[in-house]
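These notes concern the structure reproduced below.
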Amino acid sequence: MTVPSILPLELRAVSFERDRQRLLKSVSMRVASGPKTIIMGPNGAGKSLLLRLCHGLIAPSEGTVLWHGAAGRDPLRFQAMVMQRPVMLRRSVAANIDFALSLRRIPRPERRQLIADALERTGLGAFARVPARVLSFGEQQRLALARSWALHPQVLFLDEPTANLDPAATHVIEGVIEAMAEEGTKIIMTTHDLGQARRLADEVMFLHRGRLLEHAAAGTFFAGPQNELASAFLRGELLWWERRELTPPRA
Amino acid sequence: DFITVASTTSTQNAGLFDHLLPLFEAETGIEVRVVAVGTGQALRLARNGDADLLLVHDRPSEEAFVAEGYGSARFDLMYNDFVVVGPASDPAGIAGMGDAAAALAGIAAVEAPFVSRGDDSGTHRRERARWAAAGVDPTGASGTWYREAGQGMGATLNTATMMEAYTLADRGTWLSMRGRLDLRILVEGDAQLRNQYGVTLVSPERHPHVKAALARRFAEWLISPGGQAAIDGFTIDGERLFIPNAN
Amino acid sequence: MTDIAEAFAAAFSLVYHLDSDLGEIVLLSLQVSVGAVAVASAVGLPLGAAVALFRFPGRGAIVVILNALMGLPPVVVGLVVYLVLSRAGPLGVLGLLFTPTAMVIAQVLLVTPIIAALARQVIEDLWVEYEEQLRSLGATPRRALMALLWDGRVSLLTAVLAGFGRAIAEVGAVMIVGGNIDHVTRVMTTAIALEVSKGDLALALGLGIVLVALSIAVSAAAALLRGTLAQGRPR
Amino acid sequence: MTDIAEAFAAAFSLVYHLDSDLGEIVLLSLQVSVGAVAVASAVGLPLGAAVALFRFPGRGAIVVILNALMGLPPVVVGLVVYLVLSRAGPLGVLGLLFTPTAMVIAQVLLVTPIIAALARQVIEDLWVEYEEQLRSLGATPRRALMALLWDGRVSLLTAVLAGFGRAIAEVGAVMIVGGNIDHVTRVMTTAIALEVSKGDLALALGLGIVLVALSIAVSAAAALLRGTLAQGRPR
Amino acid sequence: MTVPSILPLELRAVSFERDRQRLLKSVSMRVASGPKTIIMGPNGAGKSLLLRLCHGLIAPSEGTVLWHGAAGRDPLRFQAMVMQRPVMLRRSVAANIDFALSLRRIPRPERRQLIADALERTGLGAFARVPARVLSFGEQQRLALARSWALHPQVLFLDEPTANLDPAATHVIEGVIEAMAEEGTKIIMTTHDLGQARRLADEVMFLHRGRLLEHAAAGTFFAGPQNELASAFLRGELLWWERRELTPPRA
């Protein structure tokens, strides 16, 4: 890669508030190029908020988000994100990717090939002319990944990108993610699929109620997290239930 | 080539221009564009230089217009008259009276409904003058029996029909509308009800762009024997609307 | 441009000396327009929502006509109401002509299609998202309609404001059915038209400035209401 | 109600005998209103979208004012344009007064706020859904704006139709700046007003019926366009 | 349960077309009360379409959907559905449930308790007053289940109800589903989670490209499906990829 990387990314004591509620609480972290970072945590922990904050879609209420390698460039231009609920423009599948590419000023002739490649990689080749909004949700999620893939970003944020995918598609998309990582794209991803986390993670961040409780190498983390809540999470225990006794896990 | 004439609505509504303009245009090839508005607005247009010729029926303000240097000349053109119209029931009993002021006083005495133009037009000014002559100030009763419509002659006549009220109307509009009205003429022939129309040339000294020469040709045509004959020949249902009186 | 300076001076002095005449006219303007918009909303919002929701033969034609009726000419509406309310007309016995009630009736006819057509679009957009969920929950058409009107309340407010804008600015219809009678049916717009025909442009413009200020006040009140309504919507 | 029967007879005979006068008036009405709406859309749609997209101090006030200007009184707009275009006014030398161009200018002023205010609401609703996705893709404000205008095209068409409705039905402004000059600036609405002031209500209503038919034709054309535009939207 | 059941549900040669494409092709099936039915198949197979069709949200282009026990009653009134992307009304969490209950004409005093119970069961007790649309997507999915649970339907359709849930929540929700089934609610559900399918399924339907290829008891199906494509699916093979050779599964 000839373009210098915008990484490392650093968050310094970042908090995020809405309606007088602290949804992210003084999160500090640093991620560098290379290892695939997986963010885990229960529903409502703040994973999506954290990704959106890193990606620059929302601004922290306190603290700072730093891209150390940006060197005056707009860091957003070197990132892409697959949202938990991707938004499809009211256009065809191909036009959705074309729009994204045109925003990065990729010349029209080049785009055609990129679009075809991206659709092929995600198994959507047959859908190029279909309006994106009639796709099944699994297909939409794959289209969102195809759109991000075509941009060849330095950093790719993925918010539960395989939540609606069938097992085989999940497998292939994991392959695409691995391949992108090998080509130098930094992966920062959330997932609820523990198996997937084990397969993909090089390092893990564990989030709970807006706090970053652990940030460790994958091996260390899965072997046995330092944090008690994290290990409870790995054991499949309920961390967010209000009154545990009312809803016991089945015997 | 064209000129713009600012005129009152009464002349246009009566259909006078539809009768005159084709004749003039055939003779001279000059197109005449008529903007028909209230008298006050017509004077205002001419004052701003947005018209080349003024054709209205409020002699004092026309003369003031010339005196202030906005107009270069004014000519009498034609006249008709105002009439007091009202419902057949005639609650004030004014039918056949020859003195408009006395008739108005009678209306005020029984507080019979009266609709006024209320728009400061030539007709309205004449009405006010007759009230003054009758020694009555009806504006204190505005909203009760005295109703200021603030509209054109046609709308005012319609309003009077609906309210079974009296009103003062110019004969041209009355003639062109009477078939649709439930009113009749109760007072006419008062010398004080004469309605004189005049043409005024807008002065090119104030507004150099004014098409003074063309406008003068139209004015001269209007007061020429040919133009006067054309006015004389304009009738509705066989009745003549305007009596030419250029001198 | 001295006229425009004069107009602002006139507007200022009108408001400063706030005479009871101006107050009366302003009040009547508000009464008539707010009344008409209230009735038009009560009819137009459910009507627009119903057209958005239901599929029936001829629906396309109804949408076309609703959209077209946004361009109903005030003078024509005024005339029709005039003919209906006139002595010779079918409702002549009610004696409503040249009363504020007649003005409200005319404005309701003008404004209802505007509110209905705009509401249809808003509700139709929302229905794309809500349809299956509401049907799954077993919402009757009536309940679905109410839920959509409630959930679309912020956007619908703009539709209502568009209707109010038409009503408060409109002169053709109220002139014909109201008659612009001083102290009885004179509103801001008919007063302005009168001053124009008198040639008193500065006073006309001054009244116009007061009228625009009035519209801004109403729109600001709606913005406050919007703030309250928006509770429960994200962001 | 004989008047109304007469009116339909008048409308029918007007159309049946389609004389060149009526044709001329209809054509000019369409030219002026379509021209004005075209300009107003070119300005109002991006303007509304921009207000929807950008957060800046005073934005709330702009929204309030845009909504209020939907109620801009035509007579007042007509007056202001008159004062500017009058020989005594700053642009008097252009000699535009009492021309169709002047009418288009006045209508643009009237219609632009309507289209902008309605477009703002449409785009704002869409922006809630699109904002983060478009920003994530790195859309510049200009590109985001264009994408929103394109994706909101079906709803925006209704906003444009609302503007057209105002333009085609409007009489106050075009009367003042056009002057209702026969064969030059006479349009449907001013012709109707003239017949009303002459007291020929049946002919006025007949013209009104023709005008409404014209609106329906335009609205139907828009519906066809909508059908084409809707391609690529779900359902 | 005193009210007679609307089941069994029968589909007779049902097809569904859009834009001249046959998306469901002559599906015939019969499901009765009791066993939990799990529908599986790759992305775009038509699972969501099939559920919406059974639930009555879309009408078949050909064939008929029959509720044999309906006996003149409106079958929709006895069903509920958790959509793949649940729609949240622009109201509070509690009001979302309240609205659903009011549609079933449940008197206001009863509703309060039902709402509290439903929120408790799904771990949303703390969120009653929060606007539903600001919930995280996992929380929204739980709210949709809570809403359906409160209706106590005879038949419950679930479209990937745990796709966005964390492992523990998934576990609890599976418990809720089991409990409902035990109380007599017929469960018809799609999932991409093979483990979940094995845990929950009493019978399995396998859908591929709009065709119902297999409908069997869970034991039989997981032991070895009759259909070749179904067994390929269980082995995690790609069934929908266009050109297999371009995107080989990772070694």
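For reference, chains read A, B, C, D and E in written order, and residue numbers begin at 1 within each chain.
Criterion: contacts are C-beta pairs under 8 Å (C-beta built on N, C-alpha and C of every residue); 3 or more make two chains touch, one makes a residue touch a chain.
These figures come from a predicted structure and were not determined experimentally.
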Mutual neighbours - chains that touch chain B and chain E alike: C
Chain pair, most C-beta pairs within the contact cut-off: C-D
Chain D-chain E separation of Cα centroids, rounded to whole Å: 49
Length of the line joining the C-alpha centres of chain B and chain D, rounded to whole Å: 35
Interchain centroid distance [CA atoms averaged], chain A/chain E, Å: 27
Shared-contact residues (touching 2 or more other chains) in chain C: 176, 193, 196, 201, 234
Sequence positions of chain A contacting 2 or more other chains: 134
Set of chain B residues in contact with two or more other chains: 37, 152, 155
Each pair of chains that touches, named by its two labels: A-D, A-E, B-C, B-D, C-D, C-E
Contact footprint of chain A on chain E as seen in their complex: 18, 41-44, 48, 84-85, 120-121, 123, 125-126, 134-139, 142, 160, 163-172, 174-176, 178, 192, 194, 233, 236-243, 246-247, 249-250
Chain C residues touching chain B - in the complex, by the definition given at the top: 86-87, 97-98, 175-176, 179-184, 186, 190-191, 193-194, 196-201
Chain B residues touching chain C - in the complex, by the definition given at the top: 37-44, 118-121, 142-143, 147-152, 155, 159, 161-163, 182
Chain C - residues contacting chain E, complex: 129-130, 132-133, 135-140, 143, 147, 150-151, 231-234
Touch list for chain C against partner chain D, complex: 1, 3-4, 60, 63-65, 67-76, 79-80, 82-84, 88-90, 114, 117-118, 120-121, 125, 128, 155, 158, 161-162, 164-169, 171-172, 176, 188-189, 192-193, 196, 201, 204-205, 208-209, 211-212, 215-216, 218-220, 222-223, 234-235
